[in-house]
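Labels run A, B and C following the written order; every chain starts at residue 1.
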């Protein structure tokens, strides 16, 4: 009892979502430090296909439990909830963790609601103190990280995407099929009539090697547009902060930060971005950060490898002029 | 006539939010409030169903008294009734406590066919309330919906999933959450704007909802903020000051050195 | 600008709404529509949902029951964002006026509610290839056969052709009777024998659609005649009297936008060590622009008030409002380009669009030369010799 930690293994058509593998990295450490068994729970309609997934043998969990039933094909939220609520009542896990995928964000709250348990969202760091687990997440507005704790067990949380790398285990986990009891209710109220797999590739911004981004320090949409010119010259992608998106200067698909895109480019140029936590969590993994800001004390200036104290629009205009002259 | 309840939230305009230093929750009274942008999409989806199949649309919102002007603007978009759920006892609620409050209000407003909410709020950004409220009410939840069709008395949602796009048929009543960006949202109606002064939302306090104080507000929230700390950045790089021209020149030099520019 | 004309609360609310609509549905796209000559139904849908197509439709038919003054305010502010969109909007009222002013109860009940909801757009068709300023030279005929009229002919350069559902067509029922020989008809999209020609390529107002209308034994029920046979030119001219202020209002919106953009540029563009606004050649030009725009605005709205006060005969007044305001808009937009120099000439900047849009206003709804004929004719009535 409370000796295990569950992690949701989200899969479709025999493929595990990479986020389910990512979250095992910090959970492995947590499990080791708190002396718990880490178990990946895979829900699927096709047991054979699931058990044949190559990544299974190398993932960081102690055990992998495969729960199979035809109704689980599209992972309907109400059925997934029922499965996890059953597992929670049977095994009383210390924690249940879901990746912050759309599925994870849809199922975790239902599980928490049913169990009347606390639910922390978009956790991007874990801390252990005196045998207690704390969940860290960036919080609104100011440059603040909130350290959250749940007064109820199981601790339920969704783990931020792209916050952890995928690591491989040295030891193969114990893989087995878990059969649920005879009378288990496998029904779902949802009928999937049609499914169109995504045709579009992952956002070019999320995989870009060079990112030029702008914030409110650019002062106007016209100024922000200059970033697109710069991006052409540097072969970069353009990103923006949430306030810039809200002001209508750039489309929402280019928002970098919590619930936006996470980037890990080789070069990140930040124009007029103060560096609010909601934004920096989306780019702090960048290899070389350059910040241009009129405020020397702005957090982004401190985070940057090189900072230029300057009014962002003027700097950008001068930079463009010089780069174009060199052609 | 069917009924749709839309749950909306007033959020601080990005860039104007303040955090209470003691409880580490948002100081909502002080901020400039705007309608949570995904909720505008939620309202649009509900109003399209009203246009199409004559549903009654009720907007409810949990928030402080300064939400009233925002609710009046929501009236101008075309809703039939407005409720403000406001009580000091609700302040500091996490998503579970909030879901309990909304679930109680929704029970009072039943029967209804659909509950529509924005997929997430731009302040808390958890996206948890729609599914959590649904599970407390023992109703199905359908998240990240772009469009809802009402055909032959049945609801079908087109939703975004991690692996693609799904068409889901579901029974009513159900809870649906709408993605922030949909193709079009309508403007307010001039007729309604001209009669705005006469519009007041009905207010629901805990006297009407009768919720156990231990289940709401800070005391009803299992997730607690143990600590907050500023992410401190120790300046790790060089800072240059000067005229735009010379600074731009310096950056070009650095980028060349590092191989980002030929 | 330098004068704030007092406005009632309801007018302020309406203007705020139009600014919101302009900012959301029009401003981000107007240059693109102009470049691609594209008609986008989205702003029209937004205007419909905002109740703005019901502005001058009486309340009993689902409208707001306002008058010319409010319509001019709406048209002015829409034109500030894009005159192409305001043309689609204003031209629909041009087509609705005959029904409003002369329609029978049945016709009003049949058409006005869906016009007020913005479900159906209107168009007004008088001009023909050989009949522009000389409106009496129209040749389209409407012959009565039992319970029907059969229309034959071509109407040229009709705004909203193809996107309108309701077309007011002026056709000859009795060529021998000259000025009393025409009648006004309501033709609906889908009436047999009625087709719409190709979309014209225009210098400006490119977000609005202009086409020919072709009537080839077009058959319509006899109930579609407005008022009665012989009233055609009367219906047309009275309609144009009312609509002229709208064209004047369009000119105000375009001129205001041009003035603001060029003024902002003049204050920030630095040459010879200072913003160019500091040079008198420039600042005096802006002073002149402001005077002309403000006087045009005062004239347009005075005429609106005059109409509102119940004036029976306001042809001369509305002709003055139309020709003066549209001439000023042309002058102001041309100067605005000049004040912006090279930036004024480049298609990436909006000022050149204002200039091209303004030009059409001096021509349509009666050329400014014809307007002067009207003014002169009315003026002559004042002095008895």
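As a working rule, a residue touches a chain if its C-beta (ideal position, glycine included) is under 8 Å from a C-beta of that chain, and two chains touch if they have at least 3 such contacts.
Note that the structure is a prediction, hence the values are computed from the model and not measured.
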Task: Chain-level touch network, classified as line, ring, star, complete or other - done: line
Open item on the list: Per-chain Cα mean versus the mean over all protein Cα atoms: which chain has them closest together?
Closed with: B
Open item on the list: Let me check something: if the centre of a chain is the mean of its CA atoms, which chain is farthest from chain C?
Closed with: A
Open item on the list: Centroid of chain B to centroid of chain C, CA atoms only: how many Å?
Closed with: 42
Open item on the list: Please tell me the distance, in whole Å, between the geometric centres of chain A and chain C computed from their C-alpha atoms.
Closed with: 54
Open item on the list: Counting only Cα atoms for the centres, state how far chain A is from chain B in Å.
Closed with: 20
TODO: Any chance you could list the residues of chain B touching two or more other chains?
DONE: none
Task: Interface residues, chain B side, partner chain A - complex - done: 12-15, 17-19, 24, 26, 37, 94-96, 99, 120, 122-136, 140-144, 156, 160-171, 174, 180-181, 221-231, 233-242, 244-245, 247-252, 254-255, 258, 260-261
Open item on the list: Please output the residues of chain B touching chain C within their complex, sorted ascending.
Closed with: 184, 186-191, 193-194
TODO: Would you tell me which residues of chain C are touching chain B in their complex?
DONE: 10, 13-14, 17, 20-21, 24-25, 42, 45-46, 49-52, 54, 64
Open item on the list: Which residues of chain A touch chain B once you look at their complex with the stated criterion?
Closed with: 10, 12-13, 17, 74, 77-78, 81, 101-103, 105-114, 116-122, 134, 139-152, 189-198, 210, 216, 234, 242-243, 246, 252, 258-259, 266-267, 275, 277-278, 280, 288-290, 292, 296, 299, 301-311, 314-315, 317-319, 321-323
